[in-house]
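Below you'll find the structures, each written out as structure tokens.
Same chain, two partners: chain A is paired with chain B first, then with chain C.
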Partner chain A sequence: MSRQTSRILTAISLIALFVFLRWAEGNLDPYLRRILNLIAINVIWAVTFNLIYGYTGQFSLGHAGFIAIGAYTTALLTLPLAQKEQNFFLTPLIWPLSNIHIPFLPSLILGALLAGIAGILIGIPSLQLRGDYMALVTLGFAEVIRVISMNLQSITNGSLGLKGIPGYTNLLWSWGCAAFTIFIVRMLANSSYGRAFKAIREDEIAAETMGVSIFYHKLMAFAIAALFAGLGGGLFANLISTIDPNVFTYILSYQVVTVVVLGGVGSITGNVLGSAIYVSLFELLRPFDQPMTFGSITIPGRPGLRMVMLSIIFLLVILFYRRGLMGSNEFSWRWLLSKFQPLFERARQEG
Partner chain B sequence: MRILKTEGLSKHFGGLVAVSDFNVEIEKGELVGLIGPNGSGKTTIFNLVTGLYKPTAGEIHFDDTNITGFRPDRITGLGIARTFQNIRLFSELSVLDNVKIGHHLRLHSSPFVAAFGLPAYRREEAEITKNSLRLLDITDLASVAQEQAEGLPYGQQRKLEIARALATGPKLLLLDEPAAGMNREEIRELMDFIHRIMHAFDLTVFLVEHHMRLIMGICPRILVLDHGVTIAHGTPVEIQNDPKVIEAYLGVEEEEDA
Partner chain C sequence: MSLDMLLQHLANGISLGGLYALIAVGYTMVYGILRLINFAHGDIFMISAYMAFYGVALFALPWYASFLLTIPLAAILGMAVERVAYRPLRDAPRISALISAIGVSLLFQNFAVVVFGGRPKAFPRPALFALQWNIGRVRVLSLTFFIILISVAILAGVFYLVYRTKTGRAMRAVSWDFGIAGLMGININRTVSLTFAIGSALAAAGSIMWGMKFPQLLPLMGVVPGLKCFIAAVVGGIGSIPGAMLGGFLLGVGEIMIVAFFPELAGYKYAFAYLALILVLLWKPTGLLGKVAEEKA
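Take a look at the complex of A and B:
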């Protein structure tokens, strides 16, 4: 199959996706729309984590921190002024934030940029460390950000959180941002910079004797990941409309790791697949939290039982697909066609 | 013209003196050999020159620049490339990508230009691909360009390491035991190959080797190291007749050969 055909097929499927999202926005019920939005946001987070872990080989547990920065920034910039006054009844919001109300796009961009800057600041000390130590330090920094947001009453409203954030995030926003993130990360990963990232993952000593500046490239991957994680955070805040510090605990970072490991480390296709499966299962397993009746036996509802089920499912996946569902493979039209080829051939023979 | 000069280069690991007062001057276009028994500090010297270790004392000058204490990637950028004794390829990447990485340090496009695939980057990438394929041609690896580096036979992995080092555009190439694990026929080929690339790329080569046949066959000048100390320095004939060398090294080697 030629590159031309691949490109046409990709263009057609992107248009089809666009048409579907336009239709879904008007016709699907809010619950399903919310799930689709959450999948897109998780795709963004997973792809950025993949850039750090899958391509560059650095294990970071700091995603929740960057997400929080993006979420708070975007929320504070998009909150209507009246809503701000209602929110900040204990301690007033500091000027100039109390007088700013700007559109969604610039808010998202500012949120992403701030998260990116935080990525650089946190990356500089953390990336000096390797392996588990780096994971621990990034985990610590994410907690620091959460604790700061808990105590910065006049900016984040502390543990009261922000309520009434306008629900600007719709399917086009979330999937548009996800597509943009995928595009950038994929282009970067396939470029000379991507090769440098992978070289660092494979062998740091060989990479630096090949002239790759280890620290600069690790920091680049880390900052770009933080930037897009912040973008996802902004979308997230304007989707769920209420945020408080407890949304951004380390559990959120683990969620991102889980999605990536489930889908396949080093595979963007796997990131998308992992996000879709994770978010869907999270919803599909809801009945396990409610009382269940099998014939004459009634099991009382246990909130949290679905998390147990989720864990069991993930354990099974990891048992059978040790490197995640996709491994490090990517979707390609050629691959898809090769799956269909045998069907066509059988049909021809039978005919 | 002098290309590499070390002055009183020493490296201590705690109480262990790995290299002590190592002095060498290498002229442009020379092929200098460094031999010595196991643990005599040969690889440590390479690690010092390429910046992987910081010297305890002494200075390293390359092309009139004092590179003592420089980061490895900067040193590579100035024009020193190396191979490793225990092969260090990017094993999960393709053979072609391994060589392409060697070009990364000369890339001009910013990450932004690369991420959007702008024409300036695409031109550079095309140039990198062309040059990498040329290097694979020279090293007889063109037929395996798309294969995973890990899957190559040992001899080809060694050659790929050299191709990757050449991709960085070096003036000085450090080869760390290039003939390890090779038979006589392969060693003869390797000797030809080293001469060929020296000529084609205008290289100076500094070579660490265990294998007497290779080093005596191609190096006009040889240094002998024992326990971190330079015990002899001269032509192959001088080295072979030096009593200190025979005591430290050749005596053992001859017994093995017999």
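Take a look at the complex of A and C:
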């Protein structure tokens, strides 16, 4: 199978996806659209985490912080002025922000850029450390960002949060951004930078001996991941339309880790599958939060039961199926067609 | 600030520090042996507090019986966590065990939300610990005094166990070199289990006193003390038991003093522990009392 064929197949499936999203935006009910949007946003987060952990081998628990920066920036820039006045009734919003209202795309870009800058600033100290120390320090920075957003009343409105953020995020925006993120991360992974990332993951000392600048490459992966995590944060804010500091606790970072572990560390295909499964499970398990009736037996549901089940699934995966769904394998047309090969062969023989 | 006020804050700080030290020792012992940040430690702390609460509230035990019963139960819980979630991953990359620890922590928190409910519960405070004592012109709650006394006594016991007994020597040997300790005939699995049991028992003792000091039980109450105490352990030098004690006391006193001297920064109190962590790790990664150790392969 030639490269050309697989490119054509990719193009066709992208167009099909686009057509489906256009159709879905108009025809599916809001609940399903919201789930699809959430899957796309989780894909963005998972792919960025994969860039840091799956490709470069650095375990970061700081995603919630970057997501928060992206979400707050985009939300503050897209909030209508009247809505801002309503939100900030305790402490007024500081001057330049109180008069700014710009379209969605530039707000998203600004949010992502700010998150990327935060990624550089946090990456410089954190990446000096290794393994679990780095995990802890990034977790710490994310929590510091949350504490700051809780206390900076005149910018973030503190624990009151921001309400009435316009719901600009639709399926085309979210899946478009997800596709763009996947494209960039994929390009990066296949470039010389990507090979340097993987060399660092496998053996830092050997990579350094080969002339790979460890710190520069780690920082690059970290900053790019932060940038796209911020992009996802912006989409998230304009999807759920209400944010407050408690949305961005370490639990959000854990969620990203869960998604990536489910799908398989080091595989973008796995990230997409992991996001789809996680978000769908989250919705499918919803009945467990309410009482259920089987015939004459009523099982009392308890709010939060689905979270217990999700964490048990997560633990089982990490204990017994550490590779996740995809391991580090990627989807390819060649692989898909090889599955159909036996069918063709049989047809030819019978024919 | 007057001297009396200063002494008052100091007493508060030392008692908080004693609690931090108890929990931090559990972290540092586990890290010393398995090189694992036991993210579930803070949640064992939380569950112990609930066990002590239900012992009194549901089973109508006298408070001392309930408190004393909680400690072995917590030790069993810690051993079970190690057996189920960490032992199968002992030969896996270190990050896998860390992810597993995150999973256990999530499970405990969600379990607590479902079983104990999200509404805060009021922890009992026996009359013995609610007395007001005047020492000079400083007014101290008897609880503050007892916390300092009990935590110092327990820490002394841990010190004795680790540095003066055969079991303690086995623990130190395993933390020094896993493989060689096994070759020398030390039962590694038993030693690791014992470490988890002791760490969890310390967390339980800490959580009971924490519950009396801050009598509000919530399913997520273990997270912040858990992280802070890990920070205390790192500040003191992870793997070093005296270091964890020192780190705990420093963090407790420092936290109280910062809020006492700069009340306007109270909202950022939580961020200070992290700043301390980041500064210590960047300036002296081995912590205050830690030794420079080769990373275990």
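Quick note on the criterion: the second predicted complex is superposed on the first by the 335 of 351 C-alpha atoms of A that agree within 3 Å, B and C clash if a C-alpha of one lies under 4 Å from a C-alpha of the other, contacts with A are read in each partner's own complex, and residues count from 1 in each chain.
Rule of thumb we're sticking to: a residue touches a chain if its C-beta (ideal position, glycine included) is under 8 Å from a C-beta of that chain, and two chains touch if they have at least 3 such contacts.
Here the structure is a predicted model, which is why all the values come from computation and not from measurement.
*Asks:* Let me test your reading of the model: by the given contact rule, A:Gly140 touches which partner, first (chain B), second (chain C), both or neither?
*Replies:* Once the two structures are laid over each other on A, A:Gly140 reaches chain C alone.
*Asks:* Taking the superposition on A as described, I'd like to know which of chain B and chain C A:Ile148 touches: first, second, both or neither.
*Replies:* Touch status of A:Ile148: second partner only.
*Asks:* Should A:Leu105 be classified as contacting the first partner (chain B), the second (chain C), both, or neither?
*Replies:* In the superposed model, A:Leu105 contacts neither chain B nor chain C.
*Asks:* If you stack the two complexes on chain A, which partner ends up touching A:Phe59: first (chain B), second (chain C), both, or neither?
*Replies:* In the superposition, A:Phe59 contacts chain C only.
*Asks:* First (chain B), second (chain C), both or neither: which does A:Ala82 touch?
*Replies:* neither
*Asks:* Going by the contact rule stated at the top, is it chain B or chain C that touches a larger number of residues on chain A?
*Replies:* Comparing touch counts on chain A for chain B and chain C gives C.
*Asks:* Have a look at where A:Tyr254 lands relative to chain B and chain C in the superposition and call it first, second, both or neither.
*Replies:* Once the two structures are laid over each other on A, A:Tyr254 reaches chain C alone.
*Asks:* Now for A:Ile318: first (chain B), second (chain C), both, or neither, which partner does it touch?
*Replies:* After superposing on A, A:Ile318 lies in contact with chain C but is clear of chain B.
*Asks:* Quick check: in the complex, which residue numbers of chain A touch chain B?
*Replies:* Residue positions touching the partner: 184, 187-188, 191-193, 195-196, 198-199, 202-203, 205-214, 220, 224.
*Asks:* Going by the contact rule at the top, pick out the chain A residues touching chain C in the complex.
*Replies:* Touching chain C: residues 53, 59, 125, 128-133, 135-137, 139-141, 143-144, 147-148, 150-151, 250-251, 254, 257-258, 261, 302-305, 307-308, 310-312, 314-315, 318-319, 322 of chain A.
*Asks:* For chain C, which residues are in contact with chain A within the complex?
*Replies:* Residue positions touching the partner: 35-37, 84-85, 88-89, 92, 94-96, 98-100, 102-104, 106-107, 110-111, 113-114, 118, 223, 227, 230-231, 234, 267-268, 270-271, 274-275, 277-278, 281-282, 285, 295.
*Asks:* Considering only the defined contacts, which chain B positions touch chain A in the complex?
*Replies:* Chain B reaches chain A through residues 50, 52, 71-73, 76-77, 81-82, 84, 88-93, 97, 100-105, 107, 109, 111, 114-117, 121, 124-125, 128, 164-165, 167-168.
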